[in-house]
Amino acid sequence: MAELLKIKNLSIGIDGKEILHGLNLEINSGEIHAVMGRNGSGKSTFSNALMGHPAYKISTGEINFNGTLINNLKPNERAKLGLFLGFQYPLSIPGVTVANFLRQANKALKGDAVSPRDFRKLLYEKMDDLEIDHVFATRYINDGFSGGEKKRMEILQMAMLEPKLAILDEPDSGLDIDSLKLVAQSINKYKEKNPSVSVLLITHYQRMLDYIKPDKVHVFVDGNIVESGGPELALELEKKGYDWLTEKEAVKA
Amino acid sequence: MALELNNEYQYGFHDSEENYAFKSGRGLTKEIVLSISKMKNEPQWMTEFRLKSLEIFYKKPMPKWGNTQLISEIDFENIFYYVKSSEKQEKNWEDVPKEIKNTFDRLGIPEAERKFLAGVSAQYESEVVYHSLREDLKKLGVLFLDMDSGLREHPEIVKKYFSTIIPPEDNKFAALNSAVWSGGSFIYVPPNTKVEIPLQAYFRINTENMGQFERTLIIADEGSSVHYIEGCTAPTYSSDSLHSAVVELIALKNAKIRYTTIQNWSKNVYNLVTKRAVAHEGAVVEWLDGNMGSKLTMKYPSIYLVGEKAHGEVVSVALASGSDQHQDAGAKIIHAAPNTTSVIISKSISRNGGRASYRGLLKVLKGAANVKSSVKCDALMLDEKSRSDTYPTMEIDEQGVQIEHEATVSKIEDEKLFYLMSRGLSEEQAKLMIVNGFMEPFVKELPMEYAVELNRLIELEMEGAVG
Amino acid sequence: MKTKEKKKSFELPSDEPKWLFEKRLSALISYEKEPLPNRVSHLWKYSDPSWFEFNSNNGSIVSSEKLKPVFALDNEATEKGVVLIELSDAFRNEKYNDLILKYFSQLTAKCPNKFAYFNEAIWSSGYFLYVPKNVKIEKPITVRLLFNQLSSLEAVRILILLEEGSSLNLIDEMSSPEDSKRLLNTVTEIFLEKESRLSYANLQLHSKQTISHLFQRAEIKNNAELTNVIVALGGKISKADLGTDLCGTHAGVTTYGIVLGDGVQKFDHHTTLEHNAPYTKSDLNFRVALKDTSRSAYTGNLKISHEAVKSDAHQENRNLLLSSDAKAESIPELEILTNDVTRCNHGVTVGQIDKDQVFYLMSRGLSQKEAEQVIIEGFVEPTISRIPEESLREDIMLKIKNKLGVL
């Protein structure tokens, strides 16, 4: 399988403080990777840095996406290459409707302008998949949405914008079990339709992985991957907790 | 250089002034006032009203609010107070003098009329040069005339209402307008008549150092409704022009008036306008006020809620762009009767050294029990050179009230930019999207064509906003 | 020689240093030169300046006896070098000459004000408070200024100086006996040096005949913090002009205002918060409850200068009207000269007492008066509960209850 994302020795800091220390990761086309770790282990720093958040500065290392070095690319340029970030805390943009926003984003990414009618049809289809009421198309982005609605809206955006790599930052946090299933199903559905798409799923609970089967699981501790393995690693973590790895790390050091 | 071109004011062209029918000398004298009145063949009471107003203008000090520095720079001696571009007013675009027609063609007025207006008035300098009203509305008894014709043809209505809401004593610029007014619109909507499609007036200043003083009077009789839209542009000259209108609205029992302004004067125009409305029992008055252009705008549309259950609303946006622009706009609502309600929403954007000020007054008079009002002022500042002021005064003399005021000043948050850019929008597109979203409460109230036009204006103004 | 004659008539202590006497003279000249503020000018729309003027029309005569502030410093404070003495004593004591010269009238000089000039010319009482570097005093110090003499004009001058890293809780309690009629002019200057912290409360409990003008200015340096509590319960007419200059990085001010009016009381409060340095923070919470024909005007001016990037400013003014003859004006003024603000917002509400709440309370056996009392207490509670010192909170609540009890 073709290599899609290759990260070499990546160190990231914010406000002069280093959070990620020399991280390495490779993701091939079509693979699902899960990143697990405690709060504060650097997972969100990692996802923000991958998408090019200006506050996160790369001090060393390389991020290659689909053969392009993207270290210095702006977020929209990364989006154009096929990267997508589903935010842990999606922001609200009052006054801008979901439909308008997605239409403009779609145009920016794909270049061609779909007719408003076709676009609406497509949008409604995807909304139905996610059991999102059509009325949300005319609501302002995330404005007054519940936690679950915001999370589903992120997945809707992914389905509409069709990325090559979807980084989903805790798509499960704050969801009840029904919403969680729905979100997982939509991710799976998108993945089935587009088998070459890769997913980087960031979570700190195993429960999401009951529905989305990862090919690989990585564990974050203190700003680096300390352990990688198959799906069984997630189950082991569920049983033993993170301390087991922290101790292991201490022994190594 | 491309950036400069983008930012150029697109209505900045001007045409030759050689064919003018009449142009007064510079400066303001009793003789000029008399000759305006004489040329218009006005009744004696109006001539006297003008002369009295001139005296008041001479005596009145300059306003002590707003940008007192800038208004003190106005040279009243250097202004042309009356310029007549054409001998007569036309009812067909074809008959409008070619030069003027070209101007309005370039501004897209005839096209707009065909598409979505019930009536159009076009004022060029001091006089209305074109006027039309749909036949069906005429038959219903709706009057839509320029103010001069209104005075000639319906003296009894004009005399009953003219200057009753804004007397010349109100402020120096209202006095000036009262002395030298010319043009503007006169509208009367008979009882229970609903004018569903907007009426539009278009104002154009062409001459350098011109003073435009139109006068508008709208009376909506009991149970009627009307929506009036005005737009304005001027050429870009190196020296300043003055636009000082007086607008009076009277909404009788259960009537509804909506008055929409898209002000886009060039940056050499002082826009000092007095606008006031009276809402009687159950009536609704809405000012939608968009200020994009001018050098200095000082304008605070007011509503006097004098009848029970009357409702007033002022929704405004102001864009102050560049250190040569100050938008000092706001709203004034006086609750003078019980059970009245009001809403003020003000949105301002300042960028590139521009200054946007909100100045407002909310007053609840004694006896006006059970009043509800909400005032919301949001300012968006796009860079560190710009300035935003908010002065929302509230004076409450009655206990049975529920008043809420909120003001925020903010910038475009980096996190929001990142969110939008992560979906593929460029920084410029993302900023524009946030700005458009910010203005949405205003824009969504406009007829579609105007909303599109306004968004386009903002886009033009915002181009090159990144960097 | 008119001014000199006038000066004489004030019968000021003759043992003052000469330079102070000269200063008084020049302030008197400034006072006479400075015209009365025009009613249309900023901050004078709701009060007539002549109310605060010293003239024979309002029967003002100058005190011949000096008012004595009452305070006590405990041993700990004295040992740590805290100074709290009458201001006139500080002027006579050479030990404090340098400090006084450096700080006295520095803040008033920045903002010319007719009534501050007047104060500078004739002040006779007041105090000087000094906290040395790194001295922290936990136990609150209370200064009582009880105006119990018959004289009808008092000019009080207060100078507070906290050196670097010091910390103090201070309460000024100003009161006068119920029937006394007087004109009071107070000027307070507060200097907070780097990293110092002052919690300052001004409790105004004057008689219903007192006319008072308070002019307070504070200068806050890097990382220093002022908590400013102003409680206005008494007086016939009280005008307070409180200004804070956040001139050091990370300087902060938190303001809590409580006004309770009844009868014909008039209150006119202004706060001016100037953010003049990066990362400065201001938070203001001002609550006004009015009965009968009382009225209040509150002007909240907030300025964020071009330099004050990453500033955080929040203002909230709530007004409760308990009678249809009461009047409340709220005049927020926001002047923002940089877009790089962390937060800047402002909110005002004006409302009446909720009749359903009154009914609910009455159905539980409270009289209407008691019900209203409970509601007013509830209205000011959110502000009071945020005041850091418990003893001060209790004291303020007690005074409010006292006032409500006699409403």
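General remarks:
By written order: A, B and C. Residues from 1 in each chain.
Rule of thumb we're sticking to: contacts are C-beta pairs under 8 Å (C-beta built on N, C-alpha and C of every residue); 3 or more make two chains touch, one makes a residue touch a chain.
Since this is a predicted model, take the numbers as computed values, not measurements.
Taking the mean of all protein C-alpha atoms as the reference point, the chain centroid lying nearest to it belongs to B. Compared with chain A, the chain whose C-alpha mean position is the greatest distance off is C.
Of the two chain pairs examined here, A-B and B-C, it is B-C that is joined by more C-beta pairs in contact. Averaged C-alpha coordinates put the centre of chain A at 55 Å from the centre of chain C. Each chain gets one centre point, the mean of its Cα atoms, and the points for chain A and chain B are 49 Å apart.
Computed from the mean C-alpha positions, the centre of chain B lies at a distance of 44 Å from the centre of chain C. Residues of chain B touching chain A in their complex: 413-416, 418-427, 429-430, 433-434, 436-441.
Residues 48, 51-55, 74-76, 78-80, 84-85, 87, 90-91, 93-96, 101, 104-105, 108-109, 140, 157, 161 of chain A are the ones touching chain B in the complex. Partner chain B is touched in their complex by these residues of chain C: 40, 306, 309, 319, 321-341, 344-353.
Those residues of chain B lying in contact with chain C across their complex are 64, 366, 369, 379, 381-384, 386-411.
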